[in-house]
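Pasting a structure here, questions to come.
Labels run A, B, C and D following the written order; every chain starts at residue 1.
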Amino acid sequence: MPYFFGCSYLDLIGYVLLFPLAGTVINGFLGKKLNKAIVGIVGCTAIGLSFIVSFFVFIDLLKLAPEHRVFEKDYFTWIGSGAFEAIAGLQVDPLSVIMILVVSGVGFLIHVYSVGYMHDDDGFYRYFTYLNLFTFSMLLLVLANNFLLMFIGWEGVGLCSYLLIGFWFEKKSASDAGMKAFIVNRVGDFGFILAIMLIFVTFNTIDFTDVFHAAPEHLQTGSFIATMITLLLFVGAVGKSAQIPLYTWLPDAMEGPTPVSALIHAATMVTAGVYMVVRCNVLYTLSPFSLTVVAVIGGATALFAATIGLAQNDIKRVLAYSTVSQIGYMFLACGVGAYITGIFHLVTHAFFKALLFLGSGSVIHGLGGEQDMRKMGGLKKYMPTTHTTFLIGTLAIAGIPPFAGFFSKDEILLDAFTKGSLLLWGLGAFAALLTAFYMFRLLFMTFYGKSNMTKHVEEHVHESPMSILIPLLVLALLSILGGFIGFPTASAINSFLAPVIGGGHHSMADGGNLHHVSNSLMFSMMGISTGIAIVGILLAYLMYIKQPDLPAKIVGKFKLIYKIIYNKYYVDEIYDATIVKPTVKTSFILWKIVDVKIIDGFVNAVARIVELKSEVLKLFQTGYVRNYALSILLGGVIIIVCSLVLL
Amino acid sequence: MSLPILTIVTFLPLAGAIWLLFINGEKQEKIKRIALVIAIGDFILSLPLFFKFRLDTSEFQFVEKVSWIKEFGISYYVGIDGISLFLFLLTSFLTLICILASWNIKDRIKEYMIAMLVLETGMLGVFVSLDLFLFYVFWELMLIPMYLIIGVWGGPRRIYATIKFFIYTMAGSVLMLVAIIVIYFMNQKATGEYTFDLLKIYNLDIPMGAQFWLFLAFFFAFAIKVPMFPFHTWLPDAHVEAPTAGSVILAGVLLKMGTYGFVRFSLPMFPYASHQFVPLIAWLAIAGIIYGALVAMVQEDLKKLVAYSSVSHLGFVMLGIFVFNIQGMEGGILQMINHGLSTGALFLLVGMIYERRHTRMIADFGGLTKKMPIFAIFFMIITLSSIGLPGLNGFVGEFLVLVGVFKSNVVYAVLAATGVVLSACYMLWMFQRVMFNKLTNPENKKLKDIDKREWALLLPITILVFWIGIYPKPLISRMDASVNHLLNQVDEKYKVTLNRLKIEKKEVEYAVKEEKSAEHTIEVD
Amino acid sequence: MILLTWYLILSGVLFTIGAVGVLIRRNAIVIFMCIELMLNAVNLAFVTFARQLNSMDGQIFVFFIMTVAAAEAAVGLAIIIAIYRNKATVNVDNINLMKW
Amino acid sequence: MEIVIPPFDLKSISPIIILTISAMFILVADVFFRKKFKDSLGYLSFLIVVMTGMVAFTQMGKPVYSFSDMFVVDNFSVFFNLIFLVSTAITILLSVSYVKQEGINYGEYYTLILFATIGMMLMAGGADLLTIFLGLEIMSISLYVLAGFRRDCVRSNEASLKYFLLGAFATGFLLYGIAMLYGATGTTNIKGIAEFLANNPALSNPMIVAGTSLLIVGFGFKVACVPFHKWTPDVYEGAPTAITAFMSVGPKAAAFAAFLRVFLVALPAVEQKWSIILWVMAVLTMTVGNLVAIAQTNIKRMLAYSSIAHAGYALMAIIAGGDFGIASLLFYMLAYAFMNLGAFAVVIVLGRKGEENANIEDYNGLGYKHPLLAVTMCIFMFSLAGIPPMAGFIGKFYIFSAAIKNGFIILAIIGVVNSVISVYYYLRVTVVMYMKEPGREFAPLSLSPFLILALIVTVWGTIHLGIFPAKIIALAQKSTLLY
């Protein structure tokens, strides 16, 4: 077996972080001087290398016996104050390995893609600096061996998304979106940070392993503390993973460059919430209530976002809402206790959603920046490769076997049905229908039917360069095969992740979660979900290919509903009216009235009173000798009287 | 410690100031150079304190003691421990930065530099003095140069601002003077010795009633300096009118004197009262955190915004100090330093664009990033550090404070944590309006990016920002011993008082019982 | 035989008259005379006490007071003359350049 | 029977004798000097004062009584004598060029100053109400004249008239008070009174109480405390600046010396009455002085009110009493002498014949026209405001400590609050000097070597007493024993 300087590859885990960081530093300091080719190469190699290392780490981990597949490496004490100690240390276990593989793998492809996509942008080096920094933070997030270090990555990815959303900072909408993303995430982090403190106060440590070991002894199931911790953590997850009620930033985030949307707002960052929930599954298992909350929020979001997706015309926004909804699925899975399924869907989703975004990017690129689907159509003949890959992606997300999405989504629905309730299953199933529908709507509007492009655009439209197409092809491949790591059931991923679930010490608790499900049920489920998907597709076909005037009619029928959906249920407006505006107004009052008028007014009033007194008192100094004499006499008399009588 | 390093570091600037007195004011370059050399020298001299500092003891180190006014038992008694060490270093560091930052001041440069150096001596003195009287002398002494700096080199409303600053601060501190004298005589009654020696007075056990009033007197002095809500209104005025360097010093060091005072004097001398006052102070601090953040959000003047953000940040510090546990205390001290660095840097940055554009109105800016990318990078980093992004200095302090607070009172912690969200709001919003969006204002079209000098100003601070953010151990480990000792000291004295309380209560009950039984007997016969 | 008390009362009355005079008269000279009156009231008191206690101190004191009064008179008149030179008035109510 | 001549020991009053003789000599010499040599009279009297100072200093040590207990030389009086001599010396330094410039360069000027000094010394050393009365009169009469020394100037005349009339008026009260005490106790000797009151009921005796109150009126007038303060601003404004400086320091100190001796030695039995009265007076004095000073535009007048305020602080020392109180008063008076004389010195330096430039606006931008002078003024202002490391701070600190030590904490708090108020108007001077642009050209300074010397001495005193007060404090503590 290949060893590196005689030490196991696990010891090299640090390099997974080091390479992206190095890339960041190089591009950050020298990028301005270097020419674009080098910047691109540096950016890509950094991630490429860390992918390779991750791969070897993965291999090494496989060599270990399943229940020993936990490797921790502490570097230095980051914060140590009294009993509180936060170590800068990394933890390699099946879960984190899968994550780093996905992050660095997909990340690498998207870096390559970006070289072509961003080529004409003069912020090129800036872009790659941010992107590398993001990859670093994301890897840190998944590799961290304690909550606080994870929090660094957590906020780091938030920062990068802020920077990248606002990458074209001269566009106000872009910088607004960036700010919105950061602040909404902060709201989530507010919960997260409180959770960390609560964990520390409860367990007197914030190290994953220790906490998860201690948890079952410390807290009995359903205890208040456990619920509080998990809910607070979930607040963080909701913020990061754009779930109800904090999802509003994600669609706006589409202001950023498309590869960014692919990497950060589809494949990796937004799924951090799911990762965190799974990482803390031990805690969640201790609190059924929180689990229910997670499931319900997930299911609701899945459906809610899907409905919005129906009526969007901006190609990226449709994908954004589908992302929100897909993450909803993942939480749904976690919520019903099928953590592994959640991760499974996370992985497949990473593949096909990245693919879809990159595809849409290719389209936008080809159309010279056009994002409105109503101005597209019939692109099939112009950009065949893009079309093919995009089709694959769409099939995958719609859940048509044997594409990746099918297996994961189907498993989620199954779990929802078996472990959850019919309601949850209903939510999921209906969302699946809608998903299939709006994704194919997107596909048809973009690639089929007659072209609605302007002449000008039509002349220039072209297939994208290789650097864009190659990543598409690779991802397409993954979207096709990705599903088989989770099939047949009781499969690789299950057994591989099993140790992580339940803190590893009572292993296989959840591992073979499908054993006790009869095959008949399983296959009927598969049938149903496939059926649902196909129905959705047919609907889309009917409305957007067969009778293109149908949508208009329907809209005409349900004007109100359409209007509401089209305006995303006015959620942004509601937030603005109920939270943003009042806050600003109060602040103004506090400043103009409380601060200036009352507090400072009081201070100045004191001074003025003193001056006034002085003006008055000096008038007693009349300048007449006799008044002076009088005051002496009176003074004397008063003193005598006082000393004789009063005192 | 043979070499009186503290004295040298403290008084070197004063010596420099005196030297400058005798230099012709026309020779601006020369004057600037001398001042700079002095500041650099002072900073370098202060570094050994950091490296030679012994981690294993809570004793005061580098101690020097010389009788000053024997008749009153006043001595020149200086020394530092883990609590003052960093504030001391911060002072010498920031003064250096400030003198470099004032390079473009044209008029009365001589007087300016003299004021700066005298100010440095005053500030350093405050942090090292272990004699109440000496402390008070430095505390007041440092007012004069600051008053001149604001008043002479300040903006249009400088006179109002500076007089307000001076009198407001003075009003607070005179009560402290009375309190100091009272303690002095109490100690004399108790031990028969006339002394202002802080360490001896630590051992004085002050009756509870007296503690209450004495604490209050000190509280006003310090709370005004911090400034705690609602004693903060001098701060925005002073900041807005002060020249850049003035603001930097004001935010970076002067405010810390208040918080430092609480740690060094109020807590160990009046443990009982401190505990009694926790609710009041905590709520004021929380009010400050939220109020400061909200008011900062809607400011139109950059400096005002930063000023109010200081109110908010120092709320954290106060909260951390008054939870009486190690995380809170260390977080608080660390946060003092962080705030000194990041807010100081913010004022520097604001000063830089002010020098170029002669306006601080946020509305006049926008899209600067296009013209000044490097500036933008620094500005971004500092902004992030001030909103406490993990990995930068701000986070470490803030988080430790929150942990400490959480341990003692969850409600406080939750309320305080909202400050984390709010700070992101006002800072990022400000950043966006200044640096992002289209560069519309033609005035801004000809802006130049930062030059070498400004690099030299920002780079060291940025490095520290990262260092403290990523590897704060060297700082925290130096605090540990002292903070632990302080907390134990406070705790023990507090317990003693409590026990006395119990005993007295018992006696009362006992007496009552006695009477009862007596009456009973009477009834009997 | 007249009780010493009467002398004291007389001196008190004199003193009061003098004081009141200072307050109500406008002419600097007259005011000064009133002050002299007050001093003489004091003298009377001293003498009375001296008599009562039959000790000399009081009477000696009186001598000193008279001397001092004389000196004061000299200076005072000089001052009044000086002011008359410049202002051609000795009415104290017109002499209030300096006030507040 | 043979007449016993009580022993009298001239050595004990040697400073006074020296001064008297030289004063008279100057008076005579004046006749023979031609106008342009008149300065030498100034130099001469300065030398005399310095010499006297040396002699006086040698008297430190064990107390000496003489003239049948009419006069005492104890450290207390010696310390005060030094204060007087310092202030006199500095005043003379201020005067030499000033009198020339004002055209009042007559020999009497110095003579009178010296006589005033003699009066002060008598007051400080007076062990008998008679001596004190004499000293007070000698001092006052010379001052009446000095106040009106600019004969051609109406304001000067007015000043002296007001001072004279009111001074005499107040003397009346003082004397009546003495008379009553005499009547009640049968003696005017301070120790005698003390002994009598120690053995007889004091509080119940209306005559003693009334007498005490009348003494308060008399001394209160001299130290200018409310409500007997009204003459101060007018007289200070009208009098020649040098004399104003002198009056604000020497006579005030002398009055305090006598005040303190009489009340702490002779009338401790009545303390519980007068301490309350003085308490109220001190509060009124501080507050009124500081408040009204804020509204002043003329710097001499402002300093007049500030001196009233300082009288209020000094009263605290008497109220506090005890060694601490006495020592603090001694120290405070010395510190006050330096800083106040210094401030007036600056005023004189800026003054012109005719136009005194005594309006605060006249100081606009001084900091940049005459930086050094401005710095000096700042030092005095900060010292008067009681900001470390100046003498004023230590002085205030000392007095407040005394008050607190003896349990007058409320009084101390009122005191410190007042000193905050005072900061406001002292700062205003520095504000106009540094933060306002010069309104008009400054006339060239009238700096004579003597003035410069005076400035140096005062600055040195102000700072030295601020930073190294130990020796003086020790001396003051040695001088607290009263006999």
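Details
Rule of thumb we're sticking to: a contact is a pair of C-beta atoms (placed from the backbone, for glycine too) under 8 Å apart; a residue touches a chain by one contact, two chains touch by 3 or more.
Treat the numbers as computed from the prediction; the structure is a model and nothing was measured.
Note on interfaces A-C and C-D: more C-beta pairs are in contact across C-D.
When every chain is reduced to the mean of its C-alpha atoms, the one closest to the centre of the whole protein set is B. Subunit A and subunit C have CA centres that are 99 Å apart.
Computed from the mean C-alpha positions, the centre of subunit C lies at a distance of 26 Å from the centre of subunit D. As a whole-number value, the distance joining the C-alpha centres of subunit B and subunit D reads 43 Å. Between subunit A and subunit D the centroid-to-centroid distance comes to 80 Å (mean Cα coordinates, whole Å). In subunit D, the residues that touch at least two other chains are 161-162, 165, 169, 233-234, 295, 424. Residue positions of subunit B touching 2 or more other chains, listed in rising order: 167.
Listed for subunit A are residues 618, 621, 623, 625, 629, each touching two or more other chains.
You'll find the chains touch as A-B, A-C, A-D, B-D, C-D.
Interface residues of subunit D facing subunit B in the complex, by the touch rule stated above, are 367-368, 371, 382, 387-389, 393, 397, 400-401, 404-405, 409, 412-413, 416-417, 419-420, 423-424, 427, 430-431, 434-435, 469-470, 473-474, 477.
The part of subunit A that touches subunit C in the complex is made up of residues 618-619, 621-626, 629-630, 633. Of all residues in subunit A, only 610-611, 613-615, 617-618, 620-621, 623, 625, 627-629, 631-632, 634-636, 639-640, 642-644, 647 touch subunit D in the complex they form. Put simply, subunit D touches subunit C in their complex at residues 130, 133-134, 137, 141, 144-145, 148, 151-155, 157-162, 164-165, 168-169, 171-172, 175-176, 178-180, 182-183, 186-188, 233-234, 237-238, 295.
Subunit C contributes residues 8, 15, 18-19, 22, 28, 31-32, 35, 38-39, 41-42, 45-46, 48-49, 52-53, 55, 57-58, 60-61, 64-65, 68, 71-72, 75-76, 78-80, 82-83, 85-87, 92, 95-100 to its touches with subunit D in the complex.
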